[in-house]
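In what follows, chain A forms one complex with chain B and a second complex with chain C.
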Partner chain A sequence: MSSKDKFTGVLIFGAAFAVRLILFQFSNITEILGSRVEIVTPVTSFTRLTEGLYLFENGVPPYDGGAFHQAPLLLAFFQLLGYLPDIFTKLAFILMDLILAYCLTDIAGIKQQLYYNFPKLEIELKDNEIDPWIVAGFYLFNPLTIASCLSKSTIIFTNLSIILGIYYSLKYNKSYGMFWITMATYLSFYPFMLILPLILFFTNNAESRGKNIKSEIFSCVGLFASWLSGLLMLSYFLVGSWDFLGATYGVILLLPDLTPNIGLFWYFFIEMFDQFRSFFLVVFQLHAFIFMVPVSIKFRDHPLFSIFILSGIMAIFKSYPSIGDASLYLAFLPIYSEIIKYMRYNFLTTNIFCYCSILSPIFYHLWIYAGSGNANFFYAITLVYTIGNIILLVDATFAMSRREFDIWNPDLRNYEIIQK
Partner chain B sequence: MKENNGKIRRLIITSFYIFILFGLPLWWKTTEVYRAQLPFAEIEEWSNWEAFDLEFPTQFIIYVANVETSTINCANLSSNLENSIASRYNVNHSKEASNGKRQKSVRFPVKIRSLDWSDWKNDLQYGNLENLNLVSENGQYILYILPNTNSNPNTKVLVGNQRQAIIEINQWDTSVIEKTVSDLIVSLFMSEQAAIKKFIIEPLSNSKVELDSMRTMKYSPQYQVTFSLMNGDPSDLLVNWDIEEAVDKYLQFFVNKISMISNLTVDSQIQHYARLTFEPYHKADENYFFLTPELLPHFINAAEWNLASAVSSYPTLNFILYVPSKEQSPLYIQDSKGNIAESNAFLIPRWGGVIIKNPERSTGIHNFSLEELKSIMSIFITQLRGLLGVHDVWTEAKHALDVTTSIEFVTPPNTAVTMWEFDSLIRRRIAENIVTSITTLKSLSQLVTEIPNMVVLDHIQTEVFLALDNLAKSCTNLYNNQYNLALYHSKKAIELAESAFFDPTMVSMLYFPDEHKYAIYMPLFVPISVPLLVALHREIKNFKINKRVK
Partner chain C sequence: MTNKDLAYNGYLFAMWQLGRFFSFFVLLFTVVENYQHNDIFKESLTIKPLSDGKLLTHFQFNVRTNEIKEGKAFSHYKLFPRAIGQIIQSYNAHELHLTFTQGRWNYKDWGYPIVPSAGTGVELWAWLWKDGKLDKNWKSLTNALAGLFCASLNFIDDTITVQPKLSFRPEGLYNATELSARAELRYGSLPHENVCTENLTPWIKLLPCKSTSGIASLLNGHKLYDSNFHSMSIHVRPVCQGFECLNKHLEIVQTVSAVVDPVRNSGKRDWSLNQIFGRQLSLACPLAEESKLEVILSEDGDYKLSPDADTVVRKNDGDATIALYNLKNLQLDTDISMTWNEDVFKYNLNYEQPRVYAHRFFTGYGQERGGIKVNIFNKSTNFTVPIIYYDVIPWFLKLYLHTLKVQINGEEVQDSPIKDLYYQPAVDRSRPNVIEAELLLPPNSITTLSINFDKVFLKYTEHPPDANRGFDIGSAVISSVGEGFSYLHDFVTRNCSEDIPTTACYHFSIRVYTETLLVSLPTPDFSMPYNVITLTCTVIALFFGSMFNLLTRDFVALQSNEGDKDKESKD
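On to the complex of A and B.
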């Protein structure tokens, strides 16, 4: 990288650090953000983590209170942080965001090398690739990312683990890659679906690296299983019982806490006939995972793109989504900046995101505090938000497919494609 | 390339369908209506009275005084008495059997043991019952028979407040003794047996309105007893009462005694400005106000008097001491003939009792002292006895006995209930509980059979099994003359049966027809299945075309 590049990077990271550190000084901002249902959920709330930590430090089983639903290793991490002054907790959150962004720049760089030999459209030949620092900038200055960071939502641990998993997998470091994706699965269960595209990283180039595809798959799965059992055992020794399984994964899967969030689950299961509750839980959870295989097959040559789509699906269809999940998948979009010219609804989706950001707090206020609205107000906004996300994903999928089609069929470029 | 694309597409579609196939068993598993198997056949047996025979055995020990002049054969006396009492008990019984319906068997076997009582003169000074032998078991009674020592020609009976009675016979003769004893026993037990039979044989008959059953509260293991002092107008008279001491002193023994059957929790309150909703009649010439029996049902001002108990969900018994306002006092209750009722009190069936008091109002303040409350509490206790189903043995027995026999009862001790009465209440409650439990279980089994969507969870099954088990135990205990255990098990049975019947998981799905299920499945699954089905259809079509081309 040239010195100019380095300067851009320092500027972006320095500004992102400064913005976060300054905003962290306003305790009322962080408090408000830390209690917003759009930003923190029962499984990522820092307040609940503090509660669990308090119980843990006082020798009470942390999951007995029924308020704490996060992984035991987070307890250990924050207990260690607790020995340091308060500012270090904030610095830890900021630092994780910056590390995540730095990995993103590397990922963007590696991706550009990988695609270097891929055929391109004629018009793209003149253009420069997007500067990886800009990719980091998009992530760091995304308002959703900043809000999520300031709220001290522990979703950042999951996001960082996912990004590190991708980073090491792209570097063909199998054990680290699998470790981090296992960590993400361990922290919030849903990233499990990302294991397929990650395995594809290893298998796609296996032959050129002189490896056997089958043995790559088996070693990946084996590593995943052993890391996972290792993490679970470690957690067991940490808290002394298996209660944490029910309190973390049980809560994620069975949804006992119906606190409103921006997902689809809470309203549905408030209204659900009790008789059908378990059935629809199965349907909803399967629905989140049903895309895992087809998307990986469809974009088997572009595993990073599969990760983008799947983390988007995760952010929409998981049981306790927050804007932190959206900030992760939106970070992948600039990496694939070449498809943006094919996307048809950029204006619409941008507007939907703005619309939701403004109306969701208002409608929540109308419902909970003013009493002049009801739950349907807020739920309508979560539906709009979901639709916005889905349009974006569908649009990106379309753009990717169309671009690939145009590359292979340059003569058909000007024709509209109609599905018959 | 094209070939490859088709293969990939098929792979993608297959992966969706594999997921759906994976979901199907989960669908089956999560929507099945869980129904624990209930013992329908057994419940049916109970409700048809095939599973058990109810027996309420009683045993009498008769001490016959050893009089020199004539000797009485004790063994003969016992067997003769048993036969005569059994035949008199069964008069009614055979009549029931003749009406063609299935015989519900309830029996009242009597066992009599006669003993020679040699040193009766030393044992007994007449009227001094405390020195005599006592029995502590419900269903066992001791009768002492001795010749009449007084000049009074009549036969004299003294029924104690424990389980014993003394009979002074005027003519010392076997047949007279036999007749008197059997008369006495039958008169003491007849009404109770009639009530039990009625319970069992026609538990739901409304044909004849019976005062008894209308007055008595429905059985509950616990009642809330509330004493309320209602002041009509505190602006000219302030009232207060020493209710806590009064309850401790006069009521506590009764509460303790009856706790074996039902627990009573007692609370009290004073309410001011408790006005009547109507104007009582005024008798101008004697300057007093009065209520007629027609007005009494309107006496309780349900809208304004805050009598609903917020403390417990158990049934409440209300006792009201009413002090009328100045404009309406003195206030009395007249009977239908126009006489003022002496107690100035009345009982409201299945609700409670009311006493009206007109205290001295010259000082502007009145405190019902412990002494004053004694008479008030005695009326309340009488009303409470009626509400809880304690029957006065003497009023019933007096009617049944022949006129030449004078019968006396020792007044109840401070428990306000004699052992005769208490035993009788226990036996009635056992019968009532058994019958109610069976009816409840029967309704439950009917409901479950009729509504196939009803969820029956394991704990319902457990409760039903336990209820049946307790019913069986209760009947066995009855057979073995263990009334206290029988009561305990019958209480358990009714509690379990009712908790199963009223369980919230039972009522949630009472009405859930199949068309509701379509409404639940359609909105989600139709949109999902359309693209999947279309894709499948297209693949099949392509497959056929390819085959033809080849």
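On to the complex of A and C.
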């Protein structure tokens, strides 16, 4: 790594750290962000974590109530942080964002090495690939990331675990890789669907590394299962009962808390007729997981791209999505900067993101505070946001497939390409 | 003497013997019955001019019986209402307290009520024996009472029912160890319930004389519900008979309190029974052992009672003078009245305030979150008063206990006045938040409790038809404890009249009820279900369809025939 590279890195990380630290000093900013429904959800809210911690420390079972829905290990982590001065909690959130970004840099570097010998398009041969530091920069200076970090949303723990899982898997460190993806699953359940692409990391190069594909799969699944049972047992010993399963995964799956967020679930299940509630709950949750296998198969040579698509699906179709989820999957897009030239709706999606960022707080205010709008205003914005994300994901999938086609069929360049 | 005569004489003799035998049995039965059925019925009407010119009228009817005992089947009712007796017996209740209230008792101006009034709506609490089906019994009890009183008591379900840990101790005779081991308390309140004549009619039917005679004949729905405050209650509990407490009796106390405003009509606080109730007082109920009317007189003021009271009693503990009328001796169609020698009523500005009272209110704005604040006043200059604060907040307000703050006279204090705190967090759609705190109120202070909450977004089917009216939150209750109880005695001791030993006098502890609150929750658009289902499903289908398309169909080049191409170019 050249000194110029290092300088870019220090500059980006230093600036990101400074921006966050300065903004953390304005307690009204963090308070406002920490109470926005777009940024924090019932399963990631720091206020609710504080409440759970308070109950836990005062001998009231934290999961025997309707307020706290986060994993027990978070309780333990923040109990330890509680012994330190208040500033350390803020530093912890900043630090996690920086570690996450640093891992992204490495992931981008490893991906570029990994696909170095892969065939490329002619025009790509001239350009350099994207600087990994820029990938980190895109993540760190994404307004969604900054807002999510300042709100102290605990989604950052899930995001960091996912990134660490990918990072160690790309380094072929099986037990760490599996541990972190288990941790992500343990924290917010949906990252379970990322296990398939992660296993593909190990199997794709298994033969060149002298490993047996079957044994790789079995060891990954075994590690996942044992880490998961370990984490659950540890949580059980921590809080002394299994109540936390219902209060965390039960809430994520069954949606008893209908607080608005930017996802599709809340208004749908507020308005749903009681007799169809269970049916649609099953359909919606299955729909989120149904893409796990086909996406992994389609992009079996590009597991990282599968992760990009699947984490995007999580960010749209999970039961309590927040902009923190979106910030994670948007961070993968710069790593695949080569597909951007194939994407058809960049202008549209960019505009939709801007449009939603401005109108969603306004419409929420009109409904909840001013009383001059109703719930449909905010609902409409969540639909637009979801459609924006959908267009981006579908466009990325299209671009990736189309680029692959062009790489393998350079001779068909002058023909009109259609789908079979 | 012929045989016929002999036979006739023998017949007479036999009849005489039979008659004697029969009359003996009649006598025996009468004695046994009189011995067994010593149900006692007492009625009294208390009238008290309040400091702001209003008038408190308080009807109280007591029936005692020594027949109904726990675990013993009984079906021969005399004065004790059968409907209540059967409910107590079949659902294994130790004590039962049911209060219907409309309006708010104004503690600051009126002092403490004669029996605890309860907050607006219906309040039901009962001590039930643990018999393996206690919760089923509670459910049946609420349903039975709902049927009996034409009230929505059947809506007291698990989301409303609470088991208070510190408040609502038994008010009758009880053995603390037995009670804690064998009985459990259930409490439920419906602040939204309206109280009206359909509740009063079944209530009157429980009285031995109904409303045909005695003071109950004054209960006139039209006048009763045209008042600033009215409260109607039933209390059933075991009590002692005699000093040694040899016999356990079951007592039912039925009360109706109403605060009427004579000043509103005439500008003067003069009143007469005819004027307040719109009815004549008929003769005392013949079944009543005691039937009396009491007027609690104020110390100062130039007033005249007519006709003159039978006796005037001066109480040495509270400084009240009481004029007593024995209704058994009263002439028919007597109208008791009180006239003040003044042209117009002037408000008394330095009336005696009660020592402990409280106000509760919401803080914050918007439909997303808010806070609850309670100011508890201790007006005594040199007593620290221990109290229990009890508050039930429905599940649709999500309380954050870490935001609970206690301030004394507007300042945070080092030494928290909270001595004991019991907190039950709510679970969505299954149980409410419960806060019970034992507090020590410093002399001459305002203790402020505040806590924040998030409003829950309800499903559209969970909203009532008038969703934008809001949801009622029941009163918080402040109860006196231990030493505080005897200290807070005001009117309560007056219930222990001379002839009843203190162990058996109505052991009502003081309870101060705060205002009920109205909270508006965020509402969805109720006309949207189909639209939302179609729109959301369309968005999901958009994604699913596009992804399915991209994942299953490969790209191909559209290679048209070279020949065709040539043809086209030629054309």
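The criterion applied here is as follows: the second predicted complex is superposed on the first by the 416 of 420 C-alpha atoms of A that agree within 3 Å, B and C clash if a C-alpha of one lies under 4 Å from a C-alpha of the other, contacts with A are read in each partner's own complex, and residues count from 1 in each chain.
Heads up, the rule we're going with is that a residue touches a chain if its C-beta (ideal position, glycine included) is under 8 Å from a C-beta of that chain, and two chains touch if they have at least 3 such contacts.
In this text the structure is predicted, and so the values were computed from the model without any measurement.
**Student:** Looking at the combined model built on chain A, do chain B and chain C fit side by side or clash?
**Tutor:** With chain A aligned, chain B runs into chain C, so clash.
**Student:** Which partner chains sit in contact with A:K298 here, chain B, chain C, both or neither? Use first/second/both/neither.
**Tutor:** The answer is both, since A:K298 touches chain B and chain C.
**Student:** Where does A:Q112 make contact in the superposed view: on chain B (first), on chain C (second), on both, or on neither?
**Tutor:** Touch partners of A:Q112: none, neither chain B nor chain C.
**Student:** Have a look at where A:E416 lands relative to chain B and chain C in the superposition and call it first, second, both or neither.
**Tutor:** A:E416 sits against chain C, while chain B stays out of touch.
**Student:** Which partner, chain B or chain C, is in contact with more residues of chain A?
**Tutor:** Between chain B and chain C, C touches the greater number of residues in chain A.
**Student:** Examine A:F289 and indicate which partner it touches, taking first as chain B and second as chain C; both and neither are also allowed.
**Tutor:** Touch partner of A:F289: chain B, not chain C.
**Student:** With the two structures laid over each other on chain A, which partner does A:D274 touch: chain B (first), chain C (second), both, or neither?
**Tutor:** The answer is both, since A:D274 touches chain B and chain C.
**Student:** Going by the overlay, flag which of 163-171, 181-189 or 217-225 in chain C ends up clashing with chain B.
**Tutor:** Clashes occur only in 217-225.
**Student:** For chain A, which residues belong to both interfaces, chain B and chain C?
**Tutor:** On chain A, the overlap between the chain B and chain C contacts is residues 273-274, 294, 298.
**Student:** Help me check something: in the complex, which residues belonging to chain A touch chain B?
**Tutor:** These residues of chain A touch chain B: 273-276, 278-279, 281-283, 286, 289-290, 293-294, 297-298, 408.
**Student:** For the complex, give me every residue of chain B touching chain A.
**Tutor:** Within the complex, chain B contacts chain A at residues 1, 8, 11-12, 15-16, 18-19, 22-23, 26-27, 30-31, 33, 455, 508-509, 512, 520, 524.
**Student:** In their shared complex, at which residues does chain A touch chain C?
**Tutor:** My answer: residues 35, 47, 50-51, 53-55, 58, 60, 64-67, 256-260, 264, 266-274, 284, 287, 291, 294-295, 298, 316-317, 367-369, 371, 374-376, 379, 383, 386-387, 390, 393-394, 397-398, 401-402, 405, 409, 412, 415-420.
**Student:** Could you list, by residue number, the parts of chain C that touch chain A in their complex?
**Tutor:** Counting only chain C, the residues touching chain A are 365-369, 395, 398-402, 423-429, 454, 456-461, 522-525, 528-529, 532-533, 535-536, 539-540, 542-544, 546-547, 549-559.
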